[in-house]
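Heads up, the next two complexes both have subunit A, just with different partners, subunit B and then subunit C.
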Partner chain A sequence: MTTSIIHGPPDLVGDESAPVPPRRQRGRFRGRARAGITAWLFLLPVLAVHLFTVAVPAVTGVYYSFTDWSGIGDAEWVGLENYQRLLQDGDYLLALGNNVKWLLFFWTVPFFLAILASFLLSQVRRGQTFYRLVYFVPYVLPSVVVASLWKFMLNPDKGVPSFLSALGIQGFDKALLGQESTALWTIAFIDNWHYWGFLATLLLVAMQSVPTELYEAARLDGANLWHQLMNVTIPAIRPTLIFMFMMTGIWSFLVFDYVWVLTQGGPAGSSEVLGTLVYKTAFTQFDAGYAAAQGVSMAIFASFLLAFFLLMRRRGWEI
Partner chain B sequence: MKTRSRWASMAKHVPLILLAIFATGPIAILVTNSLKTRTELGLEPVGLPENPQFSNYVEAWVVSDFALHAGNSAILVFSTVICVLVLAGLAAYSLARLAPPGSGAVLFYLLLVTAFPIWLYLVPLFFTWRNLGLINTSFGLVVIYTAINSPLAIFLLRSYLVRIPKEIEEAAFVDGASKMQVLLRIILPISWTGFLTVGLVVAVAVWGEFQIAFVMLQDEDKLPITTSFYRFAESFGQDWSKTSAVAVLAILPIIILFVVFQRRFTEGLTQGSVK
Partner chain C sequence: MKNKTAQALALTVVAAVALGGCAATSEPGASGEQTVSIWLDDNTENPCFAETIKDTFAAEGVTLDIELKTDWDSLTKTAVAGGGGPDVIMTPGITYTLEYAKAGVLEPLDAYATEYGWDSTIASWALSAGKYEDTLYSLQSELETMILWYNKSVFDRLGLTPPTTTAEFDAVADALDKAGVTPFASGNAEWKGVNEWFISGLFNGHAGADAVYSALAGDGSFTDPGFVEATDLITKWQQQGYLAGGLDRYYTTTFDEFLSGFGAGDYGMNMEGSWRFSNIDTFFSAAGNEWDWVPFPTKDGRELYSIGTGSSWGINASSKNKDAAAEVLNHIFTPEIQAQLAVDCGFAPGPVTLDASMLEGLDPRQARLYESVATAAAKGDYGYLTWAFFGPETDQYIYEEIEKLWGGSITTAQYLEGLQELNDKERLAGDNPPLPER
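Our next item is the complex of A and B:
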């Protein structure tokens, strides 16, 4: 979407290809080599920190995934055993299934809300700044505060359900977070409360670069709002939309905070996701080798998603 | 015709208003509940407080040891923001302007790692940090936060820096200025808004970070506001009016920053993820 920025303004100075006396050329070459060293000196600190904190542990994580390791002491090489164990581990498969449900939820609900909000916002003049501010606020709140707030609000005895019951509105007095059938979806809904406004802002930015003449032409052809959305807006913002499908998909596998604060994966594992499962495997069961294998599997899913979208782009979806 | 367009405009505003209520309603409930007594809250979880209990805040401040934990968070935020701005600023300048051989590979690496799930490296990182004695230290956490926030910061800062006309720097180079002097005396004064945006984005991320702090810090007196709030809510969850007051205190700095710098925030957060 903003790739033009990455290329930057054309390098006009470099185009001066006038013949240069040999001696000056050599000096220039040496100067360029020195400039390269300075440039690398500028890059080095951040790369050193990042390699040490992320890349090296990631590589050792892949190594440990082939070992039996408690986190302390020596790791014993076990080959593919951890990965074979994953395929038969009911807890793992349940968590993976929950992540897939989570993914489907986040590919639909927040996108529906965000498209609705951003499209209507792009059509109104009054109050746009206000709406944008208000929709974005939940996104900047700390996850643990949002989760606790909703945990209280959904408390059947003390929260909003009791208020609704008192008003005579029935049906909400169940412990939504305490039932196996509803816990995961309830957490997803809460995470979505914090996420959709961010998505809406992003889509709105994309929509604002759609030329207004396209809408005028569509209106002249008698297109109503729905037709304008489907035939003008969606095709015009498709690159952003597809990109956000990809990012939302990758992010959806990372969920931890909301599940941990709201249910810790319960009841009976019904809201367990890979993030909380790896945490428990590593830090409450001290099965760090197996936890590493679970972590590697998450990276594999992320790269599948990435590869799928890159392949789609090659086929002409133009992200 | 006129009434018809008014109806059309109302039809657009009704869903927008409903969504605004959806987004702010829970925050309003949080704030109003933080001002109720415990009994009033038990009877009426939704609605305005009859008699605003500002003393809740005083009690919450003391009971939750708020000054200590907010101070811990502030240290994490300031240290990380400074480290990210310095390290990512240097790297972004190098990538945007000096483009040394191999910078394409660096960019690819930075792009790739943003797709890494944290659990790919958090478990080995924890045990490495423990061997190095960095568990339970703010320093250990700042290193991790700096590493994790840097790639995005580099992309954002780079996109600001490439927009600056090259001629401005070249004049300084002709006058014999070094790369560092150009960066500090010329680039920084021009692009400080970009640095401000990145600083804000990182500040919000660190202030609200839960997962890594939860794994890396155990000592009560080291906890930042997120994990200490989590512990507080676990043990004082029954007293929701006090918990709400702590929650309001915890989100207040972020809300103020956000309202003051709204445009920078949305710009930074939306551009950052589309990069």
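Our next item is the complex of A and C:
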């Protein structure tokens, strides 16, 4: 039983244990119901838009993944045929493998850079805003602009590689985006250039909420910066870190723009990812039913990631 | 499921790209005024096209509404799938229009063809290419053919003669390379379809147009020796770095880069289509060099033009103004307008009967091409461009998979077997565009 410490009539101070006359109870119920209806009415337009733009296309997309739809006109039901094709399609498996490489890259490189940069920046008192701005700016640039800029900068005859080659540094005389062995990693590098600063800014905000007493206590115990990072900062920002880990994983299966602008999946499919493959299958091959199956598989992979993190949260992870 | 709105929405999700809303076809106005809508690609040439058509179209009670749109092809497809889209549907070629026709979203044009007498102004091969199950659904414009462009100044300086046979072609490429000039201006950084320009040229030129026809018709095979030799030749050139200076450069060189280099004399030849007439002068005049073209070399030196079209036009079956739309189509395909588009805007004319006087003001080298193609086509000396006459999946295979061959991860035999397999699949499924008889 709770007791109000505020003096005054019980119904005004929220003491729910106080007896309430039946008529007033009904009135309160009606009031709540009215408030609920009002809230739903306000939500309805958003819900309708969401259903129309997300839920309906998603459901129909799943439906079409079981058909031979060309993208226009009627569709014939083909059952699981499109999903069976996925398992035997070398191009699909290649693209899936590239998405996995992409995922591993983005689960490591930007996180390493962002944790390091944000931790070091958290130690800085003057000029922090400037650095945060510098980190963040690439993230707000349109992907087409960033990709085009880097495409120009990586030109082996006129860009940065030509200077490196002129300095006698080996390995830069070939176009990095034009080789099967380097194209995917080069695109990942460029995408990371725009992404890691955003991640660093988010982590910095999380780090700023860590109580300074924890650092003071650690320093008193003789902890250096490395020990503070590993034993204070990272445990304290773990919810943000894990959340971003989950989101980065999901985004990794949806990558499209940088790959499309920089290589269109080439050379020889070496940078093909599921996003570009779906686009080609739907719009170039007029095989929208199969493209829908590819798209659904992307959603399934992302759902696995989401399910894993939700399971971990149930088991006590702070997300 | 036959709900067309749902189909359009599903396509949007499948592509995972944001597409614009689906505009409905134009309704007739209360005063009887009809508006015919057309969507075109938002490129640098189409404003001139739109202006020319608007300025010259003068049908009473019909207004033209031409919109230039980014990603116009995907937008059109999505809108049409949802029961909307423009009244006049323009697509990037026969293959695309065929899909629309198969889906039943295009209006049959046979009655209009009779009414406007298209069989007397439009080439018969082009009319038959626009048919699906013996019904005419589309008209083809922007006649395209693969030719061999060369830097005349470089050839004159090195004392080279443009090749007519495949053997000479290879020899000239070697001679240019020895002289320190990269043989071919090329690059596919912006458009992977560049890969199939060479395949189209060499398949028809070296294996022969008859062989291509037979393979497409199911009587021959793409694994025949002529195709093997043609594929090996382009692979050899790629591996020798004859295109753009090396495979890595080829994959990262843009149109502007290789055309500037071509004009400047860094490259000797360019295997490209006739569409390049629109701006070739820009790149050569800047460097003070001369350009010219010859027919794409063939195995025996016989003059042959592989043909196709760069765009295809039909009428939206859900249009409320079909007759007015047909009137607009007829206007676009009159020989006078096609000639004006060629002279004023640099557009390749459609396969219509043109009088030489109509092309007055056109660069004589360009006029020579149109005359040559018309003469050759009339004699049946034409081949089949891959993007115009191959099924969509086979076509994509041709330009995507060839990179694996160039990179060494598959063999010529594997590449051609895969091509044959896909062609068989699409031919039997009725996915190949109509093939003009030889």
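Note that the second predicted complex is superposed on the first by the 276 of 319 C-alpha atoms of A that agree within 3 Å, B and C clash if a C-alpha of one lies under 4 Å from a C-alpha of the other, contacts with A are read in each partner's own complex, and residues count from 1 in each chain.
Just so it is clear, a residue touches a chain if its C-beta (ideal position, glycine included) is under 8 Å from a C-beta of that chain, and two chains touch if they have at least 3 such contacts.
Since this is a predicted model, take the numbers as computed values, not measurements.
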Side-by-side fit of subunit B and subunit C on subunit A, or clash: clash
Subunit B versus subunit C as contact partner of A:A291, first or second or both or neither: both
Contacts of A:A58 with subunit B and subunit C, given as first, second, both or neither: both
Contacts of A:G197 with subunit B and subunit C, given as first, second, both or neither: first
Touched partner set for A:G275, first subunit B, second subunit C, both or neither: both
Subunit B versus subunit C as contact partner of A:Y139, first or second or both or neither: first
Partner chain(s) touched by A:F256 [first = subunit B, second = subunit C, both, neither]: both
Dominant contact partner of subunit A by residue count, subunit C or subunit B: B
First, second, both or neither for A:L306, with subunit B first and subunit C second: first
Partner chain(s) touched by A:F283 [first = subunit B, second = subunit C, both, neither]: both
On subunit A, positions contacted by subunit B and by subunit C: 52-53, 56-58, 60-61, 64, 71-72, 151, 254, 256, 275, 278-279, 282-283, 288, 291-292, 295, 298
Interfacial residue positions of subunit C with respect to subunit A in the complex: 1-2, 6-7, 9-17, 73-74, 77, 80-81, 99-100, 102-105, 188-189, 192, 246-252, 392-393, 396, 400, 403-404, 406-407, 409
Residue numbers on subunit A that touch subunit C, as the complex places them: 52-53, 56-58, 60-61, 63-64, 69-75, 151, 155-157, 174-175, 177-180, 254, 256, 263-264, 266-269, 275, 278-280, 282-288, 291-292, 295, 298
List of subunit A residues in touch with subunit B within their complex: 1-2, 5-9, 11-13, 35-36, 38-40, 42-43, 45-47, 49-50, 52-58, 60-61, 64, 71-72, 113, 116-117, 120-121, 123-124, 126-127, 130-146, 148-153, 158-160, 162-163, 193, 197-198, 201-202, 205, 240, 243-244, 247, 250, 253-254, 256-257, 260-261, 274-275, 278-279, 282-283, 288, 291-292, 294-296, 298-299, 302-303, 306
Partner subunit A, residues of subunit B touching it in the complex: 9, 12-13, 15-16, 19-20, 22-24, 26-27, 29-30, 33, 41-42, 44-46, 87-88, 90-91, 93-96, 98-103, 106, 109, 113, 115-128, 143-144, 146-148, 150-151, 154, 158-159, 162-163, 165-166, 170, 179, 204, 207-208, 210-211, 214-215, 225-227, 229-230, 233, 237, 240, 243-244, 247, 250-251, 254-255, 258-259, 262, 265-266, 269-271, 273-275
